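Two complexes follow with chain A in common, the first pairing it with chain B and the second with chain C.
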Partner chain A sequence: MFTYYFNLAVRSLRRNVVLTALMIAAIGVGIGASMTTLTVFRAMSGDPIPQKSRQLFAVQIGNWDPQTKRGLFGSPDNLQPQLTYIDATALMKAHAASRQTAMYTTGFALTPPNPDVRPYQVQARATYTDFFPMFQVPFRYGGPWSAAEDENRAEVVVISTELNDKVFAGANPVGKTLNLDGRDYRVVGVTEHWSPTPKFYDLNNDTFGKPEEIYVPFTRAIESQMLTWGNYNCSGDVGEPGWKGRLSSECVWFQFWAELPTADAVARYRTFLNNYASDARQAGRFRWLPETRLRNVREWMEYNHVVTTSARILVLVSFSFLFVCLLNAMGLMLAKTMGRAADIGVRRALGANRHAIFSQCLMESGVIGLAGGVLGLLLTALGLAGLRALLSEDVGRLTHFSVADVSIAAALSVGAAIVAGLYPTWRATQVQPAWQLKAQ
Partner chain B sequence: MLKMTHLSKAYRTEVVETYALRDFSIHVRQGEFVAVTGPSGSGKTTFLTIAGLLEEFTGGEYQLDGENVRGLNDNQRSRLRNEKIGFIFQAFNLIGDLNVQDNVDVPLRYRGFNAAERRRRIQEALGRVGLSARSRHYPAELSGGQQQRVAIARALAGSPRLLLADEPTGNLDTQMARGVLDLLEELHRDGATIVMVTHDPELAVRAQREVHIVDGQVVDLAAQPRAVAGANVANA
Partner chain C sequence: MEIRPILSAMRRNKVGAVLIALQMAVTLAILCNGLFIVEQRLSLSARPSGLDEPNVFVLTNFWVGNPPDLQARTQADLAALRSLPGVVAVSATNSYPLSGGGSSEGVKLNPEQKEPTAITALYFLDEQGLQSMGLKLIAGRNFNADEVIDKIGQDSQVPPTAVIISRVLAEKLFPGQSALGKSIFVQFQKHTVPIVGIVDRLQVPWVEGDSWAGSFNDNSTIEPYHFAATYIHYMIRTQPGQLATVIQAAQKQLYEVSRARVLEKAVPMLEARSNAYQDDRGLAIILMVVCAALLAVTAFGIVGLTSYWVAQRRRQIGIRRALGATRNAIVRYFQTENFMIAVSGAAVGIAMAVALNLWMVSAFAMQRLQIGYALIGAAVVLLLGQAAVLWPALKAASIPPALATRGGA
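After this line comes the complex of A and B, so read on.
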């Protein structure tokens, strides 16, 4: 009976093209509006590394006087989201987690091998070799540098596949050199296209931006006195002038992540952090006992307000609009159903029970929902294209429509149409077949 | 085949109770062709809707093909309607979206027949009413007489035990009406049980027996039976 009801639904919808078009438009516009905002919302709030988001932890240490109340804006505590050089390197030396990395965003002036191309600036991330396995960075050629190269401040780099396409025309560059800031760096690896959204490992700098194009050992970057291209925050005291003063100051500019695969490992690391803070106080660095915090990826995104309140409100408003559209569609469906009361009465007289009429009408709602879903998808694509054209490239990265989004739109559309069709369908089942005879 | 005993049907509002049928008894036997006549508002159509299980009754008993229908739920009534009753409406009531064969197919779908069985029955029913060549036509492309023949084919396709016809020629001109009535008589000669509601005395005389209803009651139940060739004539 499924195909029979489907055929009946299509015939019925073709009977009154204008009414059908209005119903499909009502659902399509509602789906288009809600899916446009939902797609952006999902991209903002999605888990960027679902397999490990509960094992990766951002580290915070309250190195600033709590009385200054200069924590992250809107955060529930008084902590900075980044660490000092002192803390970042101390935690690296302690090696208390199975994997850990301190890092910061920086950059180079790249001189391409082709003398016809002028040097240009490239953003880079100074980090440790653990960065790559921790964040599951895929490689096209080669791999990460070694721990020994971290230790030895080696002049090596990993580059992105996009940069490799530009500089080496996509060929395997492992072993070749790249001139950065006038020094030759040996390429040890090329990452595959990798673009976690949001860029959770550094939410202080360009939350929805692209990953850096070059990765360089942290130790090499510090040795080369490479300045940060990201946030650099100090609490009044900026320290002694010069590079050494910067490294010994209480200014924060490093992100620090630890991989802690088990609850025990988390507990041990938390104890280690508290002991570290306590030792620093006893050594006279602080007059207060610094708070410490470990937050996994989801908690870190929440803490950093990756999804803004206005985005949440926008989703709410767009779904309210969908609700209004559905009410309109329901009214139109009701009008259509009542217009078909005669046919329904005849079917009842010929032996259709209420369940059969219910199924037939519900199929019609489903077909309207499918058609509305297709229209909604087109409108969503149009809406997202409009957002891409209007907003910055970084925000534009949130507007890509995935297979999951298409599935959500289709399910939402059919589900919404069926919900909207429930009342008209129920009314259809209440049609009394005797009316057909008496109406004559 | 159809037996109603002291049956009543009342329509109630908060202030008034109106009886459409009161103490109504009738017995139609297998193979009879009965005309039910009466003035407008006498209860003819109410009788037909109750007989066709389209409406419930208030009191009394109704047995259809030996089965007591009182208290049956919607599913059971729908199944009985589909299996045992064929309807022929005054206004034909064909479904405009469906062509002739799909209209005839409607009760067969609800019966659950497979495709081959449905196809066989459709061809047979349309052949019987002389419309095999019009199976792909839509109702709007047919004359009134042809539409009524399609409705009769639809009523026959499920091999019902009882045909209920409500003013089957009411919307037809004289020539077409004659053709439809000839067809009903032919079906009766072939053994069909037919109950036809009509207010036209000239049509009623074509039936084997006439039952007259006034104010919801049978007033001339003992009307003279009329001999019809090949039919089993009986009184209620």
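After this line comes the complex of A and C, so read on.
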């Protein structure tokens, strides 16, 4: 029955090529536009680490005077998204979670072994060894450095496979050294290609950027007085000058993440943070009781407005556009159905019941939806290529089509065509056979 | 033109007419909001920076390691760059407009204030600073050589001896009076700094119009420093037409001074501008493409449905022609019909446009739609309808009167 109806539908559609082409074009263009923006939107808002997004928590501590309204600078809750050196190191020392890491983004000047190649800049992340298991960073060679190396401010690095290709031509570099900022660092590991989107663990600096190419122990970076390449925000009085002043100031520049696998662990960590905050107040550091917050990956993305206004506007506009395309297709389907009233009358007179007519017309809508979907996918590919050409590289990284996107497009177009076809189909079933036959 | 027969014909084709009207309404709502956003983004990206953009470029330098003699190295670089032919002025700086990275501070008129009077971006420049960016001094004077002091690294904390501020910041701090000679507190609570000059315009480094920087886009303060740091920008202004030549020469020159450095690709200010606003321009282009596609789809929809109506009414049209209706009358019939549908669609569309905009105002903190956009949108939709209906209407007018006398349709 299905194939028979399918053949009927194709034959009927071929009878009026112009109208059919218009319908397919309308649905195809609408699907193309909405899938283009939806792909970007889904890439922006997608879960970058689905297995663990409920177990990883960003930590905030209200170390700035809550009475001073920061209006333009602050987040809605007047808390800073980053921590001070004092807090970041104190939380590391307390070791109250099963895994935790303080970190910041920085960079090196890399002097290649070949003296003919000029030094170049490489962005780096200063972090603790827990970073790698916490965020499930895959390794190609070697592995993370040890906790002892964190402790000893060791001059070791983990590099990305991209940097390894560039410097060591992709060979296993574990044990070799890299000249960074004029000092020799020993390579202990090479990560596989790894690029969580968005870069959820540091949403304040380059949300959709590539991960850093070098990882270096946090303690080593601080010892080498490596400045942050990300946001550095201060409030109130400036402390003493120089690096020491920077470390003892209330300036915030570190991200801090804790892995808390169970609800119990989360509750315990909350208590720990609140105790830490009230101790700091008692010690005279604050005139207020600092608020503390734990947010998991999804909550953190929401809090930091990862999905841009532009992306939201585009999704809104393109889905309204799809709606117009559907109204259009509906009008054309209606015209087509009414044009075939006589045909339907004959079929009804020959014994086809309303149910059969309904199924046949619905099949036509479905076929149009399928063809529109194929056209829509082509247009989506075109649209995404257009976005890559028009938008910055970071946004361009969000324009890759996944299998899930293809199935969404197919479902959306067939579903949309069937919805658009419902009314014309219902009208078709209302055709009175006798009246149509008489008019002939 | 008789409207009654049109109305009664439309009543028999209710759904078709409603579909067209609805399409036109949604088209109108998207069109005017889309064009409004396009206009906003384009005007955002056209804001002047205050710099002599065509003749200025930036070389960003990053020293390898942490050399102890940063100031000596920076001064050697500056001397080398200033000696190049075609160079007007060179200065080292912590940041520059359109770069996206820099420092901001609150400005206070007295240190007891809890909230700053204004937020400002900070630029550290020497006595060639104004020249190197091509800024226009409108009051006061440039820094004297003895006012420019050493500042080594971001963490060094030597209070500035004087400042030059932008006109917008001056008006914000001292509304209705001259800011020249007045003193302010920037960053240092215990040191007042005299304002010695005012430049016509100097944009902050950040360009995001809808974020925090949008609110103080033109508030800038220049502090007189010989700034030296591991990471530094050289602002280089050339004689007109010399930019490309000087870019080549400057890079070579710096590598001759020292090879232990990373030089980023030279960035002409015009390129910095197009990079900074790439996503705004991209969004504007995408919206324009979508609006064009929308108009096309709606037009084809009208052509399709009207053609169908014409085909359906061939017999009646033939009868009317036989009874003496002119071709013009037939064309006018379909035009009037479309006009009536379009007017009702436009009325609904304007309401939808305003509602959509109000929602975006609350959801995205967007500006209110100017009613002019809605009216322009309505006019476009009405004209589109008339243009789209013309071809089927002409086809209808060519139906011969003889059709009425024949049987069948």
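As a working rule, the second predicted complex is superposed on the first by the 430 of 440 C-alpha atoms of A that agree within 3 Å, B and C clash if a C-alpha of one lies under 4 Å from a C-alpha of the other, contacts with A are read in each partner's own complex, and residues count from 1 in each chain.
Here, a contact is a pair of C-beta atoms (placed from the backbone, for glycine too) under 8 Å apart; a residue touches a chain by one contact, two chains touch by 3 or more.
These figures come from a predicted structure and were not determined experimentally.
Engineer: Have a look at where A:384 lands relative to chain B and chain C in the superposition and call it first, second, both or neither.
Structural biologist: Neither: A:384 stays clear of chain B and chain C.
Engineer: Would you check which partner chain A:362 touches, where first means chain B only, second means chain C only, and both and neither mean what they say?
Structural biologist: Neither partner.
Engineer: One more residue to check, A:111. First (chain B), second (chain C), both or neither?
Structural biologist: The second partner, chain C, only.
Engineer: Please indicate which partner A:433 is in contact with in the superposed arrangement: first for chain B, second for chain C, both, or neither.
Structural biologist: first
Engineer: For the overlaid complexes, name the partner, chain B or chain C, with more touching residues on chain A.
Structural biologist: C
Engineer: Which partner does A:348 contact after superposing on A: first (chain B), second (chain C), both, neither?
Structural biologist: first
Engineer: Considering only the touch criterion stated at the top, classify A:12 as touching first (chain B), second (chain C), both, or neither.
Structural biologist: first
Engineer: Across the two complexes, find the residues of chain A that touch chain B and also touch chain C.
Structural biologist: Shared contact residues on chain A (touching chain B in one complex, chain C in the other): none at all.
Engineer: Quick one: which bits of chain A touch chain B in the complex? Just the residue numbers, please.
Structural biologist: 1, 4, 8, 11-12, 14-15, 342-343, 346-356, 432-434, 436-438, 440
Engineer: State the interface residues of chain C toward chain A in the complex, per the touch definition above.
Structural biologist: Listed in rising order, the residues are 15-16, 19-20, 22-23, 26-27, 29-30, 33-34, 37, 62-66, 114-115, 119, 153-157, 187-189, 210, 212, 215-216, 230-231, 255, 259-262, 264, 275, 278-279, 281-283, 285-287, 289-290, 293-294, 297-298, 300-301, 304-305, 308-309, 311-312, 360, 363-364, 366.
Engineer: Could you pull out which chain B residues touch chain A in their complex?
Structural biologist: 45, 48-49, 52, 54-55, 74-75, 78-79, 81-83, 87, 89-91, 93, 95-98, 106-107, 109-111, 154, 158, 166-167, 170
Engineer: For the complex, give me every residue of chain A touching chain C.
Structural biologist: It comes out as residues 19, 22, 25-26, 29-30, 33, 68-69, 72-73, 109, 111, 118-121, 181-183, 224-225, 227, 237-238, 241-243, 245-246, 309-310, 312-314, 316-318, 320-321, 323-325, 327-328, 330-332, 334-336, 338-339, 386-387, 390-392, 395, 423.
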